[in-house]
Amino acid sequence: MTQEVKTRPLNRLKSMYALRAEVDKMYEAGGDAKAEGRPVAWVMLEGWANAILSAMDVISVYPENYSSLCAAAKLAGPFLERAESEGYPTHLCGYARTCVGYSARMVELNGQIPPEAPAGGMPKPTLLVSSGEVCDARFKWFQSLGRYFDAPVWTLESPSPTARDSLTPGTYERNVQFLTNELRQFVIFLEKLLGKKMDYSRLNFTGEGTNEINRLRWEINQLRKARPGPMHSRDFWSVMSAALYRGGADPTAIVEGHKKLYEEVKYRVDHGIAAINRPEKYRLAFEGLPPWHSLGFLDDLADRGWNFVCESAYSPRRPIEIDLSKISDPIEKYVRARYRSLADSIVDEFGAEEAPKVVEEVMQEGSARRLRLRHIREYQCDGVLLHVLLSCRAASSGLSLFSDQLLDVYKVPSLIIEGDIIDTSLFNPAEALRKAETFEETMDHYRKVRKDMGLEW
Amino acid sequence: MASIYFAGIDLGSTMTKVVIIDGSEKVLASVVQHTGAEHRRLANRVMEEALGKAGLSVDNIAYVIATGYGRINVPFADKQITELTCHARGVAFFFPKARTAIDIGGQDAKALKIKDGKLVDFVMSDKCAAGTGRFLEVIAQALGLKLEDLGPLSLKSTRKVTISNICTVFAQQEVVGQLSAGAALEDVVAGLHDAIAGRVARMTRRLKVEPEVVFTGGVAKNAGVVKALEENLGCPVLVPSDPLLSGAIGAALIASETVAKLQASGTFKPMTGRRLEAASFFK
Amino acid sequence: MVVATKQGMARVDELYRERPQRVKELKSGGKKIVGYLCIYPVLEMMTALDLVPYRVVGDMREPITKADSYMPPVVCPFLRSCLDTGLKGKYDFLDGMVTSHICDVGSSLSGVWNYTVKTPYHYHIDTPHTVHETSLEQLRGLLGAFRKSLEEFTGNKLTDAMLKAAIALHNEQRALVRELYELKKPDPPLISGAETIKIIKAVQSLPTNEGNALLRSVIADVKARKNGPVKKSARLLVWGSILDDTALMEMIESLDANVVMDDTCVGSRPFFEDVKPTADPIDGLARHYLVDIKCPRTFRAWDFYATKKNYMEDLKARFSYLSDYARDWKANGVIVESVRYCDTHGYEVPGVRDYFKEVGLPSIYLEHDYTEGALAPLRTRVQGFLEIIG
Amino acid sequence: MAYYLGVDIGSGTSKGVVTQNGQVLAVHSLRTGVNYRLVAEKLRTELLRNAAISAGDITFTMATGQGAGMVDYADGQAADIRCCARGMNSIFPRVRTIIDVEGQSTQVVRVNDHGQVINFVISEKCASGAGRFLEIIANVLQVPLEEIGALSLKSDRPVVFTTACAVFGESEAVSRVAEGVSKEDILAGVHKALADKIASLVERVGMEPECGMCGGGALSAGLVEWVQRRLGVKLLVPPEPQFVTALGAAILAREKWSGKSS
């Protein structure tokens, strides 16, 4: 047994399994709620709706997460095909197409959960909460589910200013107001829909639970800077669902799970234990969304000594200590507690000393390049794997510029692998390994280049 | 009494077909030939051959409709109509109860929805060889097999392999990889058939499949693809005795209907001096 | 300053061939030319400050070679082509570039353009996606900021009076375009779909007042001429994403069909609703650019606050203007067009086709990859569609 | 006496090179056919005969290419791009940008002075960017592969191909002929399309002189010329460009044996 574990390329964290199991509870909770006639919302992952919905006793399930779950179970195929025959163009988001196929099946079965659905499936929604945050698909997709469900759709907007705008006086306050108003309207809508008043005292409770989990995730990620890297991206992805797709679940178990996780990672750091059972030859960052159907590919890379030590997506926010005592409005409080101004974030990240330089740079270039590249340096990555998704514009369109700037500033090369979050047929592991082996020479080369430049890794 | 004759010519990317019928929709002659590099000249030759078979001369033909990928290259046709409409008409002629028609040709795959013998909706594959006859031709060639052997061979398969690559050229690599790794030839071929059938079935479902389902085009001669298509659609698939001819027959039938209409309205003027001159067009 | 000698359609053809011709003249005369991407940047503000707004488009006849380095092939080929054109120096005459949050790729293009093409002045409007009071208020705020930025760029104050004057001028242009579209109602229409694209594209290459003058001369021209389009069996409505080249329309109209109406953004979309006059002009502008312009990039709903959903009511609210178009322009078929990898149009396709089905309008979906050469294979699809409806 | 063997099992053809103290002793190539294992065996037999040595004399065998995993006698495997880089570096030490046009894909590779890969890009998941496209068209027009290049250079108005699919490029060429387009113009069109694709790949990795071309595609003087025109640089092309990757494999075999590379 232990023998076998050693020979595996990945050294998984024991405390991960408990957290991973929490996700199934989320779907169970959804199923129970439906059975008991309590409202169930299909919700997009974003920072805002969770706490409000659970304070209103609405159970959330997450189609994005569910689609990735289908993909991981290699069961997404038939749903994708169904979406295609429903007339949806095949280039659309794999999450969305899986969800459309699922919904079409559900209608076919008069609202019953399709028997082929993994993890007990998602119950028929009372409400769809989509989000203008992150990508277009997220607010278009739920609207088009109107073909299958009569559930009302609410779309939560959130601003996405350019870095330059963010640093322009007035922008931050305007956006705080925007978010606050949006959430107020959302609450009004929920009260109308559910026929009951919002209990703001409970909003704070769940809000703080979320913050606590975020703080732990952030501290764990700080530990991951150690050499050798103590926690692999695969473990990060395994636990992140429990933290981000919590729905109404009581946070206590998840907070506890993360405390244990922190201890285990800390122990590894103190004892120099790596996340891979091979010498850590290369430290990598994963940029973009993972290929849920083929995560084993990272084990093959681990076998070559590749350790994935950080990732750009789903990362925790730096915990913010700000005094909210003067703010009476619970929603505004809720917003300010998690919406940080770029100016402040730059100070958080670079310190009061360096901050003005960074700000000036941003105002000139229009993009917060250094902020975007920073983790590559902090985690001392030898390379970055860019996962270009054939069905996702949002996660793919910026990658080329990122790699360009990264090589330019820190002399860290990127490897582009084409694939998809859901659709297996778009990923070719043999081709990817062929590229990976070649890329090792490139990483070796730039290691020298960085040394010559006097960079620290 | 001089009876009346109509011709339909279907210029496909790989095959050219001509059908001549008389006023009573009786097929007098049908010819199928490989499409060469010079459509128009070939059109003439195939037409001549068909006329010969029917014992007719070109001026006996009242109306000619050209269809198919090369339809614009038929100088002696009265009218061009898409293969979509002509296939639908031809399929309805073979199988009056047909509601769904699938045609896999060399160039593309189409799915047709038919009502009262007429085309009401359709979908066509994108411009990629996967899911077309070319896919099989190219790979059969690479494997040194005859196209007509693929079907029988695949029916022997006991455990078909999955071909995941979409691009024909890369699927070919995948096939060689599979064979080298020891997969049985029939299992690989069965896998190829399933790959095509899968793509085409997905496309066809956009039309909401209704029976009867009819399968035409060169690939319909391949029993392996027919089987795979039935598996993928989950319903029986009918194949006409000569699946290549549905387009040309459809064209001929539409020719006869067109003339009937024109005569009814008294506006029918037969093309005078229709000639099968070998158009030379290399400037 | 050189004054254009040609007028009417002759001038349109000239500008369609050599779009920047006039703005380059104006630039040498000291005017500032500001490029804008898609139809969401607020042109009235630029016009008011005597800036010349110039629509940035791609070139579907030119292979994309430089943009690959910054945008993967799996994103909107139109936007990739815009970037490619920019990277090849063909927009070097621009003094400014204004973009907005039209879609994910549009926003990321904004950043890439700023970093690589480096047009001297660059501004990005973070236009919200939803249509309700909160987002309107947000857009008003954003337009205030844009106003400030333009004032800094030009060194001039942008007063409400100036803005109202500009709104009037642009509303005049909208009225003229609608008058132009009236000429598409007869059978046969007096202008073809291909010509319409040329005209709109020409107008989007000129300062507003000159664009208006051109429209007047075109309308006179078209009314007078004898050699317009011929009668065809099909009268089509085209709904879809960008069509900034005549190629697709020419292909359709080479068959037995005239394109008599469109809802595309080098077409009727930016012109069919006026900016309402409001005490604070910003209110009218915000409403126009968020609510009135009907591009799938915006989340429009039957009733944003509805606690019950009714799919057909929702479709009606979103698309009934299209059946009105079909009725008024006597269209008997619809072409639903989208450039490949366009998410916002992609998600709309099943819904808009459900609606056309509901109101008994036959439709066909055409997807293309914004390459002139690659349109040929669509010919059989269109002809087959015409045979069905004809 | 140390002998090193490099075998490149491609999906079209398989090539092998035997070296001795860095000198090429024997080269050989075969159509791959439908079985990698078989062709790998045949290839070795031929090479050993040409080099007049026995299997036992081979110190280390490095396999690369599509079928690398099927070479039962190989001591190691290396990615074809690395091999290609080493191969070109050994022939042209000053080369920094390599265009490798293989049957199924085209690679553009940037290398440092040790022939190590410092950046690379591979044409998309479609054969249109690869040598196979040329083969297919040559076959349609019934022009021998060696002649298409020269012929293509005679044309001043290349046709524009409307499809990205190599397989359909064929049927399109057919209909162009039918429309009366000359073979020269069609061939020019194919070469231009390929040269454009190659140019945009070069854009992506950034070109640093000197620039070289190898792989089966480099056998076509016409393609070389088209790419030179398109990039405006002179291309270094080795006498037998199709063997560069196999040669590189032999070099890596030696490196591996002498523990120089991991």
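In this document, chain identifiers A, B, C and D correspond to the written order of the chains, with residue numbering beginning at 1 in each.
Heads up, the rule we're going with is that a contact is a pair of C-beta atoms (placed from the backbone, for glycine too) under 8 Å apart; a residue touches a chain by one contact, two chains touch by 3 or more.
A quick note: this is a predicted structure, and the numbers were derived from the prediction, not measured.
Asks: To get from chain A to chain C along touching chains, fewest steps?
Replies: Between chain A and chain C, the shortest chain-hopping route counts 1.
Asks: Please identify which chain has its centre, taken as the mean of its CA atoms, farthest from the centre of chain A.
Replies: B
Asks: Quick one: which pair of chains has the most contacts?
Replies: A-C
Asks: Measuring from the mean C-alpha position of chain B to the mean C-alpha position of chain D, what distance in angstrom results?
Replies: Chain centroid spacing, chain B to chain D, equals 38 Å.
Asks: Report the inter-chain centroid distance for chain A and chain B in whole angstrom, where each centroid is the mean of the CA atoms.
Replies: 49
Asks: Taking each chain's centre as the mean of its CA atoms, how far is chain C from chain D in angstrom?
Replies: Taking the mean C-alpha position of each chain, the two centres sit 46 Å apart.
Asks: Show the residues in chain C shared as contacts by 2 or more other chains, in ascending order.
Replies: Touching at least two other chains: 68-69, 374, 377.
Asks: At which residue positions does chain B touch at least two other chains?
Replies: Chain B, residues with two or more chain partners: 69, 127, 166.
Asks: List, in ascending order, every residue of chain A touching at least 2 other chains.
Replies: 86-87, 418, 428 - these are the residues of chain A that touch more than one other chain.
Asks: Looking at the complex, which residues from chain D come into contact with chain A?
Replies: 78-82, 85, 112, 116-122, 125
Asks: Which of the residues in chain C end up touching chain D in this complex?
Replies: Per the touch definition, chain C meets chain D at residues 63-66, 68-69, 73, 371, 373-377.
Asks: Provide the residue numbers of chain B that touch chain C in the complex, in ascending order.
Replies: For this pair, the touching residues of chain B are 69, 81-85, 119-122, 124, 127.
Asks: Show which residues of chain A lie in contact with chain C when the two form their complex.
Replies: So the residues of chain A in touch with chain C come to 86-89, 91-93, 96, 132, 135-137, 139-141, 143-144, 146-147, 149-153, 155, 157, 159-162, 165, 168, 170-171, 174, 178, 181-182, 185, 188-189, 192-193, 365-367, 388-391, 393-394, 396-401, 404-405, 418.
Asks: For a test of understanding, state which residues of chain C touch chain B in their complex under the given definition.
Replies: Against chain B, the touching part of chain C is residues 374, 377, 380-381, 383-384, 387-388.
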